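Below, subunit A partners subunit B and then partners subunit C, in two separate complexes.
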Partner chain A sequence: MSDAQMTSEALETADAGKPERTMGRFNKWDTPWLNGKLLTGAGIILAILVMGLIGRLVWDTELAFTGSSPLNLPPVGFENNRGQVGEWAHPLGTENSGRDMLAVLLLGTPNTFLIGAIAAAAGMGIGIVLGFSSGFIGGWVDGVIRLAADVTITIPALMVLVVISAVLRQIDLVTMALLIAAFAWQSPTRLIRSQVLSMKESGYVRMAKLSGASTIDIMFKEMLPNLIPYLFASFIAGATGAILAAVGLETLGLGPQRVPTLGGTIYDAISAAALLRNMWWWWGLPTVLLALMFVGLLLVNLGLDEIANPRLRKASK
Partner chain B sequence: MNSVRNGLLAASAIALALTASPALAQDVPREQTVIFDLDRTIADPTNFNWFTPGAYQRVQGAHQAMWEPLFILNYESGEIEPWLGTSFEPNDTLDAWTLTLRDGVEWSDGEPFNADDVIFTINMLLGDETAALQEAANMQQWVESVEKIDDHTVQFNLVGANPRFPLDYFSVRIFGSLLIMPEHVWAGQDPETFKFYDEEQGWPIGTGPYTFTTADTSRAVWDRNDDWWGAASGFIELPEPQRLIWLESGTEENRAQLLANNQLDAAQTVTLGAFEVIQAMNPAIIAWHGGMPFSWPDPCARQLEFNTTVAPWDDPNMRRAINNIIDRDQIVNVAYEGTTIPSRTMFVEYAAMAPFIDAILAEGMTLPTSANLDEARALIEGAGYTLNGDIYERDGEPLTADIIVNSASTELTRAVDLIVEQFRRAGIDAIARPVENSVFWGTVLPLGEYDLAYTWLSCGSVNEPWASMNRYTNHFVVPVGERSPGFNNSARWDTEATASYTAIVDEIGSMPLGDPAIPGMVAEAYQYFHDEMPFIPLVQASKLLPYNTTYWTGWPTAEDNYIHPAHWWNHTHRIIHNLEPAQ
Partner chain C sequence: MGRIPAGYLFRRLGIFVLTIWLAATVIWIIPRLAPGDPISAMVGRMAASAGFIENADAIIEGWQERFGLNEPLFNQYLRYLWGCLRFDFGYSLASFPTQVSTLIGFALPWTIGLLLLAVTITFIFGNFVGAIMVWSHTPRIIKALIPFGLVFTSIPTILAALLLLYVFAFLLNAFPMRGAYALGVEPGLSWDFIWTVIYHGTLPALAIILVSFGYWALGMRGMMITVEGEDYIQLAKAKGLKPFHILYRYMVRNAILPQITAFALALGTLVSGQILVEYIFGYPGMGKLIYDAIITQDFAVIQGTSYIVILLTAIAVLIVDLAYPFIDPRISLKGGR
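Right, the complex of A and B next:
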């Protein structure tokens, strides 16, 4: 698509949007937060999370550990290579070290989310502080922060993570999340800085300054609320990236060793030739869950993007 | 200007010609090639110094195709078969042994292989002050001097009687043997740093029917030397395969795919589940047995090794506690899927070992097959630990156990994952620490840089008890950070009990094989070991080795048991000579 086309389209949609926007002001259902993509995405994620949280109350999660169940059983209704059929005691089957797949998934799925949430929150927190300081204070503070972000963003995170996680004695979920967060603050920092730079010149900020509000107050009381949709979208993007990094590490066998995770389960399956042995429930179920999770996160992200950016919203209507 | 350019072009053409490996120049058809599986990366593909401590510079084909042993212990017949040597005879007091070499043996560069090479190699090992070179510790323990009687006869004068001298070091008792190196190449070289590789000089050389062609970190290629001395002298005919390749197969999935697609002829061990599928996909795949358990019992039983210098594992009660935590039946059924059996003593469960195993069991020294957590807890609490939540603590410090495991094989990591669970159930914060193969053998074990490790270091005895027992005597104790000679007593077990144990084991070592007093003495010495447990015997090892009959037949099986099937051992020469093209 050429630039000219894009501009004209944008103009058209902007024009077409004008009357609706003034009308919609009085309709309480016309809130941008009731976005189809956002709701679908959030629904998927919530469903997965709720299943994980309720599931561990009703299912014996001790079965997620090595040697707790019979080996290599298929899910109920299927047969494995040796002609054994699935049992209701292990409805999703078991793998070749005697872990129950249902228990593994019930523990592993929320764990994977947890890593994403902690890493994204930590990255975001750092990003907010650094981004605001950089954009609002400016000067040498801006210079240092920008340089740090620009330099470290070029480091291939996975490579460093592989080295670090190989050195640590034991990786638990939080350690892993924080490791990933160390490579997840640059994007939010840069994003927030650019927003702050443009917002700094707006009327209400100048007004606040003239009224003698402190820098901290202006940054966090005046400007931050206006950035919430942006931050949210950026948080979701950060969480997606963090989960991707975590799954990457786990699938390389560098994740938490004993705590079940989706990536770790895939690693075990690969190293035990599960593909070849036709044990699809072993690698397939975590893969499907991961795919669902990423689709959910993507939809949420797209939805938030539309909320934060009215032009996208009109275009999609 | 032009001449400079032409010069450069010519130079680069020469450089290209030099770097292009000869393997590319000559293509050998698949049906004349045997592809062996390598379960590890070749850390240093152009290093052929097999003495290098910790390095495994021979399983890439060097000691299966190029370097031949003097004798081969055939596990199936129980005989010691002559190879480069024809006889190895003792004097009456068993402290001098006379080796006779085969006539007509030549190195691949045409030089004769003779007594000088043997004497040079042994003297080099005797002169190694650090005893770090492989086999140096063994030679220094036993050999006082070597004498040349004539070109084909060497006399070994020992420091004391040793009835097992040829068996232990020159007969491929397990895995390898002391390989004789050519004096005309090695003389004047520093055995610690010499790489024995020089393309121009044609190094490495050996006496075997194959010579080195090319190698990188994942494969090594060897081609048949049609001028081999063995065929010329009438010893054995040339082997059928023209080319041998050792190929790193990687994960079990890869190994299985290679076997299914006939890109591998002899594979390393696979799990039972994978084997069943491989056989379903490719009916030409066979194993030692035609049915359950399919596998061949490897002589190196698995064990949990302690570093007995590190607290709390320096306390024998803590080690005994671990012995009560271990559920051997579960390890057999889960990690090995029923293809092996629990260990009852430190020894391999071969028929020839039965008298010694029985003597130990008769004294009531047994290993439980299932866990006894009550007893374990009593021992741990007796050492001052109290349970805080799920994990034991002492002075605010949790009781942790890092179990080092060689990541080269799923067999090992699977077993250790299960042991970790067993530890955790008993209240120990255990984790598995997988380390790379070369780190495992190169530093972690020999230098004692571990607390616990999953090993098979008591490996040694197959038909008599001394070889395994000797490894834990106090002759080999070195401080942590120094290299354990020959991986012996890496546990650094060095107490009064060790001294008493050592005294009896030394006496056993000087008695003729088959002496009726030995089983009783074994039980007596074993009591010291059993009380202090510097390592915990776990389960017997089993190897489920798939062989492919698509291109080659004549692989060793329980029915055609001309020799045992471990194709990464030095006796693989026997297997290669037995192969016949299938088509």
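Right, the complex of A and C next:
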């Protein structure tokens, strides 16, 4: 937190243009992208991801399968209801059907990220195409796209996803991510459309038009670079929403069944009454991991907000 | 006073109807994309998971008659839409002679009650926190503490629900683990019943409040920063008005208006969160109904519940959208835009 405050303080004084800090603008480290919140958040997420990726090299992930380990062992240093103590062979304990918690978490965490990334990327891709078409072409294209966004944006995605997953029963990671993306394109579309509309009237776009740049060039060379902070923020928000939806489905027991996911682990724990049996490591570890993940995503999002909106930087002191 | 132009009103109503029609259609099409007769398939799946179903033939017959499954597909679709309009979703498959609408009728008041209560508290508290984050007269210690409270707001409702359940119900035994009221109390308008409902509702409501107030706080903070820079605030300060008077009458009242639009957009997420909270706490609302239906493969109930939740969300958003010009007279809606 102190990092964040220092950065924003430095930025604020630079903004206010006090004499002793006016030179700050020439310092290449004095860039809004060195935002404390952004860096902390990205650090948390990277740490979790790296742990997931390196962990599977050093730990035997075969232990994530049913019956590969003794049942209901607590993590090292704790004791379960039957008085068994944790062993180093299973440092984070095991669950009801003999899966090693460490292996489950190592496999499940990247899966959860993957769903978020695929869904957010697909949603954003649709959003960029539709938002640009809507804002740039206008006319009936704009009308149809806006109508489609307005009609679908208020539908609670979880309710439709529940119906779909209940019919499909067997669902894999990518299918689930794409289904979620079907409810993740409206916000990016609206955002990009409004930005494109305001940019269309700006001097440099008119200039480019006058100098005979093609529509594609104007879209991707003139406008898109200016949208990057917004797109970044929109991607993170999309990923957060997608992971939220995925965790929701998984904890209802509607997620992928063949691969471990964090939400699926929580579902297994709840259905086996892990709460009442005081097996806190079973549901608690995935919960804490997910919470950390979301805190990281929130910090990144807040940081990007401050980068895109200098007014927030001034006030964050 | 703002007025709603006819063009806007019709467009908004049209969008509402389209939303409901689209949702209803998607819910209808999905099970029919799966191969085979949906009703027999459902009953078969239930039989497979439950071992034996007592009146399977009666169920299949009842359904075929009600939904005219021997008729052409388009007629079935029209029948289904007509059923949706009259809230008639047929029979529950898991508890056969009961109508889906009866089950929903029992569950809905709990969901709406909990949601209204939690959302009202969240909205007031969140906006209050957001406002004092910007207000220059807020004690420094409070400003320093708020960011820690906001950490909760990023985590999904379901995780907060699990943590609260574990700490307050399991470890401390301060609150009940599941249900909406104690078993021994007769439901009715008695103090005993009201007390047990509040007692059971505290943790679920707290889970929703804890994770969503920050959303309002952050939005409010952004708006307050914009308002703070306005000339009329400077004038009010120069006039020597009391700081609290400026905060409430000049800043909050202007900053809170766009939050109402944000509220309409956030409703879908709020509802989804609440569904999951109900499932964790075994709260007898729509969330538990859906979860039980998923477990028993009761597709009729899943379909009906999803439809009702989508419908109610859309109605709530419609009301907020149409009320907005009356709340904020600065908004002028152009017809057809």
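Everything that follows uses one rule, which is that the second predicted complex is superposed on the first by the 291 of 317 C-alpha atoms of A that agree within 3 Å, B and C clash if a C-alpha of one lies under 4 Å from a C-alpha of the other, contacts with A are read in each partner's own complex, and residues count from 1 in each chain.
Here, a residue touches a chain if its C-beta (ideal position, glycine included) is under 8 Å from a C-beta of that chain, and two chains touch if they have at least 3 such contacts.
The model shown is predicted, which means the values in this text are computed figures rather than measured ones.
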Which superposed partner A:72 touches (first subunit B, second subunit C, both, neither): first
Partner contacting more residues of subunit A (subunit B vs subunit C): C
Which superposed partner A:294 touches (first subunit B, second subunit C, both, neither): second
First, second, both or neither for A:58, with subunit B first and subunit C second: neither
Touching partner for A:277 - first (subunit B), second (subunit C), both, neither: first
Partner chain(s) touched by A:210 [first = subunit B, second = subunit C, both, neither]: neither
Common interface positions of subunit A, toward subunit B and toward subunit C: 253, 270, 275-276, 278
Subunit B-touching residues of subunit A, taken from the complex the two chains share: 65-67, 71-72, 81-82, 96-98, 169-170, 253, 257-258, 270-278
Sites on subunit A touched by subunit C in the complex: 1, 147, 150-160, 162-164, 166-168, 240-241, 244-245, 247-248, 251-254, 266, 270, 275-276, 278, 280, 283-284, 287, 290-291, 294-295, 297-298, 302, 309, 311-312, 314-315
Touching residues on subunit C, where the partner in the complex is subunit A: 15, 18-19, 22-23, 26-27, 30-31, 33-34, 134, 147, 150-151, 153-156, 158-159, 162-163, 165-166, 170, 177, 218, 221-222, 225-226, 228-229, 264-265, 267-269, 271-272, 275-276, 279-280, 290-291, 294-295, 297, 299, 302-303, 305-306, 309-310, 313-314, 317
In the complex with subunit A, residue positions of subunit B that touch it: 251-253, 255-257, 260, 270-271, 273-274, 276-278, 280-281, 330, 334-335, 337, 402, 410, 413-414, 417-418, 420-422, 424, 431-434
